[in-house]
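The letters A, B and C name the chains in turn, as written, and every chain counts its residues from 1.
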Amino acid sequence: MKVLLARTLLIVGAVALLEILCRLGVIPNFTVIPPSAMAQSLWKILASGKFSEDIAATLTNVGIAIAAAMVVGVALGTLLQSWPAARRTFDPLFATYYAVPMYAFYPLLLVIFGLGDFPQIAIGFLLAVMAVIINTLNGLDRVPPVLLKTARVHRLGLVSAALRVRLPYAAPYVFTGFKLAVAYSFIGVVGAEFITSSRGIGYEISFAYNNFDNPVMYAMILFILLLVISVNMSLHAWEKRLLARRRRA
Amino acid sequence: MICSLRGVTRVYPGESAVHALGPIDLELAPGEFFAVVGPSGCGKSTLLDVMAGLAPASAGQISFEGKPVNGEVPDGVGVVFQEDASFPWLTVYDNIAFGLRRAGAAEAEVAAQVGYAIEFMGLKEFARAYPAQLSGGMRQRVCIARTLVLKPRLILLDEPFGALDQQTRLLMGDELLRLWRETGATVLLITHALDEATMLADRVGVMSARPGRFLDIIATGWPRERDSTIVANESFGRMTSRIWKLLRGESLRAMGHG
Amino acid sequence: MKFKEPIVLVALLLIGWQLLYLIVGDVALRSPFSTVQNLKTLLEDARFLPHVRETALAFTQGFAIAVVVGLLIGVPLGAARFAGEVAEPILVALYSIPKVTLYPVILLIFGIGMPAKVAFGAIHGIVPISIFAMNAIRNINPTHLRTARAMRLSTFDLIRTILVPAALPEIVTGIRVGFSLALIGTLLGEMFGSQRGLGHLLMQAMSLHNIERILALTLLLVVFAAGINALLLALDRRLHARV
């Protein structure tokens, strides 16, 4: 637990340093406001419910992107794992996918689908789905042949074998894909909102910036940071619990 | 006759085709306990795969209960593998209940059958545990219970006690005999341990080095009510040495010295 | 043949594109063929090259900073076990936050222009490079180190002949990921808060509803990113195969 303590001290120390530098004016207020002021502003905003519509919109869109990425990703991953020829053909795509600036497609999506939530969800989905596919493939690759044979001894059909044996075995890896899907969906949706949108947390940050409204801007940035970090920590804890029963005692 | 193989061979396809098994002729009488011994790599596991319908025969016919077997596992066949095949994401109870639930049995029926199997295999304290928390031997018992509970008429076991120590093996052998008598199933056991084969089986098939064929099939003549203490019987020693005489040359050949 | 699969894949993608164009029509897409022609025209346009130069300049600087800073952070954290354990979750958390939300902060600090773009590209690249470098150093087989001590190698020789070759494959993977992310960061930075560069042109084309240009620029960026990544990937695989 020394590690936990050290880490907490490090973070608290960094925040405290920032606070001091801001209060002393070493960092001017029109650049960065003190963390305490950020927190205050955030509290005010949440209490007043001023941005609750934006927050709801962002969370909904992120949720849709994650759900779509999981369903499509797991399905495609399972399909490709059972079809080696197709998988080999798409292999270069897997290797190159995340190298391509996905945001470059955003203007294209906006032109095709117009303003509205779909382009943002699409970017989030596109970023997330490949991580799910790759990790699902990885997990399914690791199913021991004896379990595949066992499925056949139990006379399970293809779909049944996938749902009842292969995917449950691969669940830890699918979960890794899920964690990435969550992170990428946030990055995609909020990023897209920032570039062009009419609502959402990303949009409000951009709007506040353009209107020189530092307190609101930093409050929302803080909000996103806290949200993503706490989601990640919960997923991490959940994962540990799920894996505990599969670890050698 | 519950299962018959006629002229069965298996050749693994590929650039350098491997003739792994056969030709094999075998007829299993219903309710008998048949053991297969042979040098390593002779194709014992391939024989099991082919009999179970897990791998297609390259030539010959296999039939189970009068119907041909080809590439699909017939209803009524249970298999216990060498490697641990327990599902790590399910508890012992859920593992054993797997086949029954899939067949759509009512939960009360499931509870009755699974409860019985758990008692029979001595797993009562571990019903809610996960396989990762159990030893290798216990996990193997879970796999056997999972097979048992579906009441197969033919049980195929591929070196199920391979990873266990000698004493545990002897005890598990007794349990296997108990299981065999209670269920009345036909059992085919693959093992590399000669004494295990001789002690447990009604007939022992001795396989040659690859490609595996039956050199001889020896009837032990043991009574149905037997257990591991049969090793004291004087015919035990004679039969085991007879099998070894057949096998010794084959084992040397399998190792490349023949 | 080794190149059969990528060719089939590219062919499939082009066919898919053409089909999509046939369905959607000129209102929202152009065909692959006309896009390539548009791109050619664009590349020959004298007013276009300065933008490419701008983006290239911003990206190169941002990437270079990301590599240097990433290694400076990652290598010591990999060597110092405790510090590495403390820092790792922080780095992983930094990896998953939408860095675009930090862009206003960057703009406030650096003002609009090249420095902000470079900084944005850099922060995108630093995190993966440092994470991979840290793991690369951490995972060096301790037996190598003991062998080196037994052979009484000097520190310099130790680094040169053992540490660098052992850690290099993972570090190159990190640099490859950092390359892609730094590019994304640079483009993102240009997409708002800049008057020059490919990212800016992309946004401009979008607001003018200039579909040909959007597609031509997107194609250019995709081909460039995928191409470089493929080269780095080949290097990556070769290094990993050796280990």
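Keep in mind that, in the parts below, a contact is a pair of C-beta atoms (placed from the backbone, for glycine too) under 8 Å apart; a residue touches a chain by one contact, two chains touch by 3 or more.
Computed from a predicted structure; not experimentally measured.
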{"item": "Closest chain to global C-alpha mean, per-chain Cα centroids", "value": "A"}
{"item": "Comparison of A-C and A-B by number of C-beta pairs in contact, larger one", "value": "A-C"}
{"item": "Chain separated most widely from subunit C, comparing mean CA positions", "value": "B"}
{"item": "Mean-CA-position distance for subunit C and subunit B (Å)", "value": "55"}
{"item": "Centroid spacing, where centroids are CA-atom means, of subunit A and subunit C in whole angstrom", "value": "19"}
{"item": "Whole-Å gap between the CA centroids of subunit A and subunit B", "value": "48"}
{"item": "Complex contact set, residues of subunit C against subunit A", "value": "5-6, 8-9, 12, 24, 28-29, 82, 85-87, 89-90, 92-93, 95-105, 107-109, 176-177, 179-180, 183-184, 187-188, 191-192, 202-203, 205-206, 209, 211, 214-215, 217-218, 221-222, 225-226, 228-230, 233"}
{"item": "Footprint of subunit B on subunit A - complex, ascending", "value": "144, 146-147, 149-150, 152-156, 160, 164-165, 168-169, 171, 245-249"}
{"item": "Interfacial residue positions of subunit A with respect to subunit C in the complex", "value": "2-3, 6-7, 10-11, 30-32, 88-93, 95-96, 98-105, 107-108, 110-112, 183, 186-187, 190-191, 194-196, 202, 205-206, 208-209, 214, 217, 220-221, 224-225, 228-229, 232"}
{"item": "Contact set on subunit B toward subunit A in their complex", "value": "49, 52-54, 72-73, 75, 77-79, 81-85, 87-90, 98-99, 102, 130, 132-133"}
